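Before I ask anything, let me first share the structure, which is written out below as structure tokens.
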């Protein structure tokens, strides 16, 4: 199995609801360093898993819907605690749609699995991974 | 599949038995940077895989049994070469028990898999991973 | 010249005033990984520049005044754009006061210089450094 | 499942054929930081997955066939676009042969899986992983 | 003294002349991760050392003259061994010119010192630093 | 001013004397990642600050006097608390001697300053720097 990973980051504000969050119930923020891993069992005739330029551009387009925002105010995230693990799944879903839609070319359509990992600090990170139908 | 990883570290002395270890048969030491990855197929109603505060505290409690010690003298490790791969499995076992015992709350009981990775230097690391029954 | 550096981090929300900031004028956030470097020309009789436990605790106490907050609402920062370079200087000032006040022990009083570096993303950071009178 | 990873790096020139590569069609180069992960379900009586000295030496021997070269001129890679994902698979194949041949000792023969990951920049990397028969 | 650092990277081919270089006399390549540090004794009224957007764009413009090239063939580098330390000084010179020319705005004209650091591998890097007149 | 840095690491045991050290009074250990920075105002005719191969070999030779040892038992360190800041100064002294002795060639004799930095964990490091006469 091959994999290719590209990285980017976003800087967002948010707050959490629930006593379990302690001081994180206050409005605060995070830099999320985002690693998007694309998996496929074989490469194309150019020896590429995916067009890395398209992958970076599409990841950036998705992150632009979140970057420099207060996540508490985004309609797409209404009613959700935007934990790191939830945000990994949210970005995974958008990236999976991009693969299936053809936005990442034939390479994207051939992607068999994805993993999105978000680092919230040097000491903690979360990820969501799954297969693409 | 979701995952959440928290990090900590320990500073220990130890020595190895067996000619294969060369100079590492002498008493020496290591900083082990420890990454504990918790896996689960779904999040709780707060969008958490696990209470990250409990996870850090329980990992710290386990590491306190090792930190600032000479591993050669710990009864729990008697007769073992405390290689990085062995120590990863040792910490995995203690963390798996903590999940099952309820020390990490309902989130801990729902953890379906664990991976413990120990970095011994910038150029070498080892891990142990497995499913929780 | 000796130096000793300890690290910690904070997760904060803020916004900037000024067209030069573009989308960063919106409320957003950041994880600031904080590196505090203490400098001195000599060590104490125990071969310590500073008590590292005191240094970590005092840095944590200072960061607790910022962590999990919206910097726009903190009276201590009123009227300021809380850029990374400004925040480095802000933490430097508090840490310099701690050194001079004796909160870091005799080692802290002997510190001749400080540098506070804040990483806002994997690709950008800022610092403030100066001598202590 | 246990894993042990060792790291090294190579510095190579190469060029790509195909309009999709844009400016990377020109002769350019890369530092590939190489991470070789060996997997096995159990450790040997010394608590080792593999002899780490043999693993480093064998990885180095394989990388010496590539290091400080123009990949475009190496017969072993003739007619191939030497993308990061392809190079990961190329090194995987050589390392898998080394495991099976006995060059990594009994530990190498017991290796059940391998992953080779190549970092081409701080923001992009690729890997190839598979089981050993 | 304040400092602000932005990062980028280039992927280049080159070769060295001189027996001291051993196998690096062959055409090979490198990823240079580039860190550009701008220094100034004070911030502007917005609390900025420099416009980070302009700084990134100008660094990118300079790196575009090198990226995805064989340095042996660039007229600007003719007759030079393009060692990491030399390349740091080369980029420093171009960035210093950009500061003085006004390409980085008033903040750039107020920059009093620069440091350019190039990482050639995880284990080696070089830098050039100096004051701006 | 130019600088060139090479990295290596050691794995050592040691203990500290003094109640201030708390649990670190017990025999424990550390991986010290070592960064040796050589500084000089100009390069040689090959555009080198120093022969990087000689620098790595000489650093390794110095580190071999410490690596895989219990520092408490080394005559060269008798009566010393081997804190990270002290060890940085110890390695600095040996490396400065190597520069002056000619072991690093003409480049080593032209080195005007040195900095030795030791990382003891992901969250703490110490350094010693000075000019060479």
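Things worth noting here:
First chain written, first letter: the chains are A, B, C, D, E and F, and each begins at residue 1.
Simple rule for what comes next: a contact is a pair of C-beta atoms (placed from the backbone, for glycine too) under 8 Å apart; a residue touches a chain by one contact, two chains touch by 3 or more.
Everything quoted here is computed from the prediction, not taken from an experiment.
With steps allowed only between chains in touch, the distance from chain B over to chain D comes to 1.
Chain copies chain E and chain F are related through a rotation whose angle, from the C-alpha fit, is 120° to the nearest 5. Under half of the residue numbers found at the chain A and chain B interface occur in both copies, marking it as a different-residue contact. Taking each chain's centre as the mean of its C-alpha atoms, the one that lies farthest from the centre of chain C is D. Averaged C-alpha coordinates put the centre of chain D at 30 Å from the centre of chain E.
Distance between chain A and chain F, defined via averaged C-alpha coordinates, is recorded as 41 Å.
Of all residues in chain B, those touching 2 or more other chains are 7, 122-123, listed in ascending order. Interface of chain B with chain A (complex): residues 1-8, 43, 46-49, 51-53. Of all residues in chain C, only 16-18, 20-22, 80-86, 88-89, 122-130 touch chain E in the complex they form. Against chain D, in their complex, chain E makes its touches with residues 7, 9, 11-14, 23-24, 26-31, 33, 67-70, 120-123.
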